[in-house]
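Chain nomenclature is as follows: A, B, C and D, assigned in order of appearance, with residue numbering initiated at 1 for each chain independently.
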């Protein structure tokens, strides 16, 4: 059977061996010095689980609900663009793998497959649509309508991308969506909408695309506009501070998604797990809070939940699974991470995610005792 | 005479060169990213001894008692499974080396030699039995009776293993107990009990064994059950929090053993030496507290004792000695670590382990002065 | 077109490949163990930006004023000696690139081009003159007069160089200004003034030059003397403590420049970004505060401004651009860093440098939560 | 002229290339894992100098007094054994280099040259004698008398060596004093006193020597005994805690020398510069406090003085100079470190060591601001 990855990290290694450099780099890299990229992982490593013992864990479950939707697990799929670069089956494979395991999937606006086809790959699966607000508001509204029509139940509005972060590998590679692929949600839309790429000169083609088409004026009032055109739940993706969490509540969002866009936007912002507590405190239980960024281990999920997240989303791990073996690979990654979460529950003395308690996770420095008198 | 190890670390190197990869990996590895494995060592390195001078240290002793048993040293032997993979003489060699130096040895349930033979290798030596509670309670009770009959004076009930932690090297190696060996305490028991291994598919065979045979419902009430079937002292092995230490006291255990199972169960739990203070504080002197995990230096022992442990247990160091040269190797490792402890006593101004004081150990950050102003 | 640098770090790599070792070493190195050199960068990496979202950033500007002079950007050019070692066009190229982008340039006393020629390379550009006070006060006064006459609008008086810091690479290289170059501001001055170098024996030739010609008696009273001979604004370059900031205010300086001379003087002083807060607090808004040292990223600029700097100055990045491709290279580096700053503004939710708020930057340790209990 | 070292670190490299492995290892190594050895250096690197500016530093001096003796510099020479392994001229070369620069030298009991010859190499130089107290008290008393007679003005009584620390390289090398050398102060003394070595079996020969001949009963009362047999000042070398500093005061010592024996005794004790503040606080100015351990830079000296040391002692740097080029090498190292100290004074705005202020040195963490809120 050859070498089989035993961890997400090994799926990444496999993907690196299998993908063309420009595709792998686009998936893997973060902004500038990638300090935040490393921190997204390192910050999890600095947290310690305090395991409880002697509890009957003969039967455990990862099940939970997200915005009321019953799901198999608090591990959900974050939107990531251009999945057909990873595998021919692209977003359809992800959709099928997600659906079959009752995993919540968020589809990117920049899918290389039309959202209708993605939904059709596993009708009825729990599914959200990630929205980029385009300068062309009519086009944006149409997109929302189509998502609604295809059974997506919430909009994850990405609020951290007025411009595309500078991922230097993409600049070096003059990254462009390969010519045989298109931005599937924009087929027929005018201009470069469907190309997913502009001539960026010496820059990334995707940066140029964003610069020319995405709406940089996006502000809180636009939440009202979205409310006015759709009944879908509205989740704000990209909140990193208590101040903005409070703003979001003021504008009546349905949920808050703590994210630094996989460390791809502004380098040296904090890791998401470190930003989570201030957001959770500000939200004070009024809406659900999610987190993405650097989640690759069952223990990461455990920690995020202990610190107040309702669910986590994974971006790159899905891409590595997809690159490795399409739908099977995505399924394998989901299974692996869920098994790790189950084991974390069992070994910490919990039988369900609801039993995870705040006191079960502390920062490593909490242990830096004894001090001198 | 060739190269002779001068430290436990070098015994490990020797073992790595001498053992088959799957055996060495099984012994050496920890769960997942092995963050806790590194922390078990690193946390000791972050502690500083405050040495006292000008004390007559012409005569010093490592002697102490553990649950009233007089022992040569607070360095005791932790239970580790399957010692015959390290050396043909396996647990018998460990038993003989321990007995001859009046060192407390804990024998694993998963010994590759029957507990009676192990005891016979050095009758009368200080000896405990580590108990895994099997789903088959009758079998479990028989095991306890046999331990009692063979002179084991306490049960170290392992409470951190409702499922086996995921040690990725074992998964990669599809680790199984080699066919020429058996789980010596279960010869004649039905099913896979004696094989020590199940077909784990792509997983470790030992994980599958645990999943199918070990009792995941284990809870505090089972301490009462154990009390009802034996007169042996009951030590709870695997406590990592103040909360569980208090629970253990409530259920009347005889001693508490702080352990993260050599970092083999749940990755990113704290190191044991960092968990020790909260347990010691919670126990407040009511029962003895022990520690294992990462102890490889005499100064580690000194630190654990300063922070409230009555004794420490060593797991891997014994295996490295055993792999190196059987009984002689175990004896050499015990001697080396005891000499290091003696030197730590002498150079810190103590003549016995009782003279070790709390104020003699502080965290390195206690020295991070002066601050501005 | 070949390889094109995508970051200041890559411009440095290019420069390293293109320059003779003794020139590159002179530019790159810091004092002794270069602990402060690393810290100048590392300290920025330890700061986290707290990005604000949902703000209309369709139009942003880096514009600001420095001592009332309108400039394109808070990124200004620090004085660095001997620029003709980097490129034949030397200081003239820097002047032209700066002038064309309305960037404030500070010319070093130790320019390898006369200050009049440098000014003439882009008449009317925002321009300051960095002053080393020579033992020969008459010569010093003449230099000030010439700067005044050529349109330099402020003196940056360097106060951290009574002796030249020990940069060990320069000692090893027996560094000397190459024979085909001269200290352009001292042509015709007696002694070694124009040579820029003395026979240092086994030491750096520049160290010997400083030891023999620069005035080590410089003290606060000399600020009064400077006031008496010029109408130029006086900026004190090299303040690292609150105490000295208060002294500077007492002596009526026009602005304070926090600098450790690019970590080239006293090793193990703090990074400049870490020294900034105490200076800003001491100055309490009475005069402008600037910072240089390790600024290579747009996010660094953002952080310095959030923490109270009015502007930052860059030393080495300009030299790397100059070495890479003369005026074009300097222009490219300025453009790159300004684009990075613009992106930092956009992604942190600011439309101008005035909108950067103190709360937008925190030390990473501020995130080290949660603590136990 | 070939390669000439520009720093103490480079003298060490030169020594490593020139010396036989067993000699270099004996000089270079520390106890066990050498954690404290690294910390002795690292702790200095964690301290930041706060430099003051605009002070007339045209004339500076390193001069000070130690126990009333006027010396060229607060940089003194620590006792190190067996210097003839580094260079044929051994202790005589050190004595001459020290004397010529009016540097205080401490001669080891374990000199490979008789103390009288060492004194004669530069009569009248400032000179102390380091005393190991032997089991043979008569021999010890004679040694003290000889030191007195030869002009040594104080005894540095080493109190941290009841047994020799375990330096694993020496164990591996079965280190022994080379046969052509002798312990020069014990020529004619019986037993192994002059051999400096015993058959250590698998251990270091020097360890066995210490174990058999040095007095492990040494305690505070012996300070009284020493007082009774000599008029020499008594300095206690090896104090690491406030508690012992108070004890030392109680027994009327003349000075306290903070030392961890170059990290050669008990591994994981704190660095000396981190132990210094508690000792200085406990001593409260009643006697002089010195420090050794890891001092290799002028800035280290500056820091130790800012934190309350009257003087520092250097061990290995002298050995590296000696190995490099005998007396010249020792002189070169002393000159280099003094020049570095002078530069530190100048660049921190001090004209003498007395002007160094406590506020001029802080721990790096003092700069870890701003915190959130």
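Here is the rule we go by: a residue touches a chain if its C-beta (ideal position, glycine included) is under 8 Å from a C-beta of that chain, and two chains touch if they have at least 3 such contacts.
All of these numbers come straight from a predicted model, not from anything done at the bench.
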Intersection of contact sets, chain A vs chain C, gives none
Rotating chain B onto its identical copy chain D by a Cα superposition takes an angle, to the nearest 5 degrees, of 90
List the interface residue numbers of chain A and of chain B, divide the shared ones by all numbers used, and answer same when the ratio is over half, different when under half.
different
Distance from chain D to chain C - Cα centre to Cα centre, in angstrom:
41
Whole-Å gap between the CA centroids of chain B and chain C
58
Touching two or more other chains in chain B are residues 359, 367, 372
Select the category (line, ring, star, complete, other) that matches the graph of chains linked by touching.
ring
Throw together a list of every chain pair that touches.
A-B, A-C, B-D, C-D
Interface residues, chain B side, partner chain A - complex:
32-33, 35, 39, 43, 46, 159-160, 162-163, 165-166, 168, 171-172, 202, 216-220, 222, 236, 238-241, 243-244, 247, 265-271, 274-275, 277, 307, 358-359, 361-363, 365-367
Listed in rising order, chain B residues that touch chain D in their complex are 4, 6-7, 44-45, 47-58, 297, 299, 303, 340, 343-344, 346-348, 359, 364, 367-373
